[in-house]
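So, here come the structures, one by one.
Common to both upcoming complexes is chain A, partnered first by chain B, then by chain C.
On to the complex of A and B.
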């Protein structure tokens, strides 16, 4: 019956998927006519025509260079904060750290303080990452309108949750024998973590942090739409004023920034790997 | 190795000092640039304001108007993500064979005796053009695509879905092509040498081996897109993100909370569904 069950599952899943996609097309008011009609061509043509010539005077370019630096700074400090939040959360969420090497793969942890810390830390990690970073920013901006800080905090909290989860997976993946050896000679939890777990997980952790920085740059641009300074803010202002020549230049800055960061992060990951 | 050679255990890479110096310099530059006002953040007043803000979120509002907004917002956000992923996957499937190196410029489908130089050059330029197109679609952020489509079809879920679709198409074409490039070439070579046509080799020698990877990549992208379609609402005027931004704008924290709960539930539900299906596929 195994084969029959599988086939039934596939048919039901397939039918549900088709129905869901169909419903989504209705929900999204999908209408090819609106995209190919004269109005769309007119609007799109106007947008593209207004893009040329892109604004490129020195004053504007130096404004955008400053905005780019703002965006990068927020992304960098946000990632740094996320790593600072993520490492302790990850350590407390890793069985081999909080329970010790012999529980590396155990499913049923022993009750007690360690278990309470483990559960609490995993709960916080999950809560931090279940809210998108821009939504965090929206809440933080209203609570404390302090310039770049809400954006940095938002990236720190949301990515702290993501990093906490991934770092903890990487920590639980390390070879158990060095950890057990340190425990055997009487090293405490902190030392076992610092000299047994961390060095082994260091490469993958650094590589994931670099990837998160890439994401943080994009996120930091978006923060501009909810009030933070940077390229996103400039983009929103220009778009709101229908200055598409400026939008074009800002988009070009964005693309170059994204490509450069991707390239740098790839290069770093290749060096570590 | 002689016994006298000292064995130095380095728990961390030798370059650590340089990396730490670089990170410190970058931190200093960033702090100098944005001047984060940590002193004001760590005052009792600000910390109370944080507490107040999050305290005001409870309980979420459940009156008819809020629930009505919630329903349309949920439908719009979910629809944008599904349509965007679906159309993006179609764009990806169309670009995929041209972006994959092992399909368009080398491998079983291409390598043969006496292939004219001009055909190889043509194949290479088509490959490069496809990759350039995918890179353009990918590196222009989805909210910039949304700006263009808002202008063409008006602000709304349709424009959002198109923006996500175009951006997803670029990202996923690259992912799909990488998956195809990793397929074991031997079945394709065997089919080709037994005289199968190129299209059949692709269909029966390469595609089946990549199928579950392609499905997993698509589902993973859907997880990303549900977040992007939420964010499009914060940038524009559609979906749960918009209703939440609007509620916060008029300081209606309890309505904002309703939409926030819905965003979290939707994101978690999509993650769970996607990972459930991915596990069954593997």
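On to the complex of A and C.
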């Protein structure tokens, strides 16, 4: 491309980007006036006034502590399931695992079955993550309306797709020569993966799984709105009853919880690295 | 043990091997020399069954390798140990696990799985004894990436010894270590191969190391075997010519061009 062409291209691309942002505001019916007008100020003021004092009696706090544990266990089991789904999906979606370490200069063209596994796995991974976890939850609630199970399954499947995608990128990023060295001693795909790819990708994988756990805590709160027990459910009940003093405490619990997880995962990352 | 006849191999659009004939008998120790780009690494990758020749035949233990696939190919690979320049140990794993990985192709799935979880006492002891032979016994439980370059090279040698293959290939094993250490590592390779009666092929850049440790030298140039002689019949000038970088090519700035035609000419001798 010539210099002049490139300048024109940048101007056109820039104009299109600005237009797209504008269109998005219009499409979302975003209106700054509604946030700043007198009515909004009044409503917001009312809401804040209702929030104070936050409810903090022992009975309520112990209820929320139990709900926090529910939320945590849904998030934990969901993440565990997601990792269990994500690792095999990622392995089968990684060229260096499926086709061999030197796939870039592949000596033999990928065999038919290997290619089929690769395409199928990438398709499943994409399908799992293209549906948001709340939508999965709505589907699973219809199938198995039993307490926490739909929420766990929903997080497991939706995050399984996300984790599968990210893990496979991390697996494809590992140094190829140690993996090729294992192939050269006669190790098959599974062993090459377990001894060469997995150990090298472990750090970034653990780090991403910890981040997903944090996301799962927030997601499992959202699941409360479709019936799973936990902080989200309490939040929804309080909100429905206009008990904003309770809403305030529940939100505070959530914020503290996420900050604690952030600390814990950061400590873990530093230990592993 | 190894018999290559007219082996050709193109990498991308570059003819890396253009008709290599080479026979190595069981128990022989051979140095392979040649300027950069001569095809030494490609030759080693063909011999260790990582690359298939485009043409010609490669027989390993009197068996043609061209039709090896899947489990047969992996079984054949277990009989060849390869040591690379560097960076082929898994840095995040302990020395122990890197060494144990040498026998991954040999073990059944049960043995491999239990070793992945927790290696047996017998395997740990066996790994410890090969580490002792290469002088890193005290590093057994350290992470490989915490070791120096020379120590990592010893881990790779220990893995090759633990693999217990009859054919050992070392592709520039001392290219990135200082001269003292280079002497030590080559001596170590040769000594362990001699003790165990293994066949050893080493690709080297140091004439003095070749003279001291090898009885046979194969010179490779432009993807062809240029000479294949007992070391005492190779004079210093010839050897030196094969170690100098090709200044003419470097000066012209172009990629090394094959001097001869597409096929290797038969050797004069």
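Keep in mind that, in the parts below, the second predicted complex is superposed on the first by the 259 of 273 C-alpha atoms of A that agree within 3 Å, B and C clash if a C-alpha of one lies under 4 Å from a C-alpha of the other, contacts with A are read in each partner's own complex, and residues count from 1 in each chain.
Here, contacts are C-beta pairs under 8 Å (C-beta built on N, C-alpha and C of every residue); 3 or more make two chains touch, one makes a residue touch a chain.
Just so it is clear, the structure is predicted and the values come from calculations on it, not from any experiment.
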Requested in this report: Please name the chain, chain B or chain C, that touches the greater number of residues in chain A.
Outcome: B
Requested in this report: Please indicate which partner A:177 is in contact with in the superposed arrangement: first for chain B, second for chain C, both, or neither.
Outcome: second
Requested in this report: Report for A:202: first if it touches chain B alone, second if chain C alone, otherwise both or neither.
Outcome: both
Requested in this report: Using the touch definition from the top, say if A:218 reaches chain B (first), chain C (second), both or neither.
Outcome: first
**Report entry** Touched partner set for A:15, first chain B, second chain C, both or neither
**Finding:** neither
Requested in this report: Check the residue A:187 against both partner chains and state whether it touches chain B (first), chain C (second), both, or neither.
Outcome: second
Query raised in the report: Where on chain A do chain B and chain C both make contact?
Result: 195, 199, 202-203
Report summary line: Residue positions on chain B within touch of chain A in the complex are 11-13, 23, 26-27, 29-31, 33-38, 40-41, 46, 49-50, 52-54, 75-76, 78-83, 86, 139-141, 143-144, 147-148, 151-154, 156-158, 160-162, 227, 230-231, 234-235, 241, 244-245, 248, 260, 263-264, 267-268, 277, 280
Report task. Can you check the complex and tell me which residues of chain A touch chain B? Result -> 9, 13, 20-21, 23-31, 34-35, 39-41, 43-44, 46-47, 69-70, 72-74, 76-77, 80, 130-132, 134-135, 138-140, 142-144, 146-149, 152, 195, 198-199, 202-203, 218, 221-222, 225-226, 229, 235-236, 239, 247, 251, 254-255, 258-259, 272
Query raised in the report: Along chain C, where are the residues that touch chain A in the complex?
Result: 11-12, 48-52, 74-78, 80-82, 84, 87-93, 97, 101-106, 112, 116, 156, 159, 163
Query raised in the report: In their shared complex, at which residues does chain A touch chain C?
Result: 102, 105, 107-108, 175, 177-178, 180-188, 191-192, 194-196, 199-200, 202-203
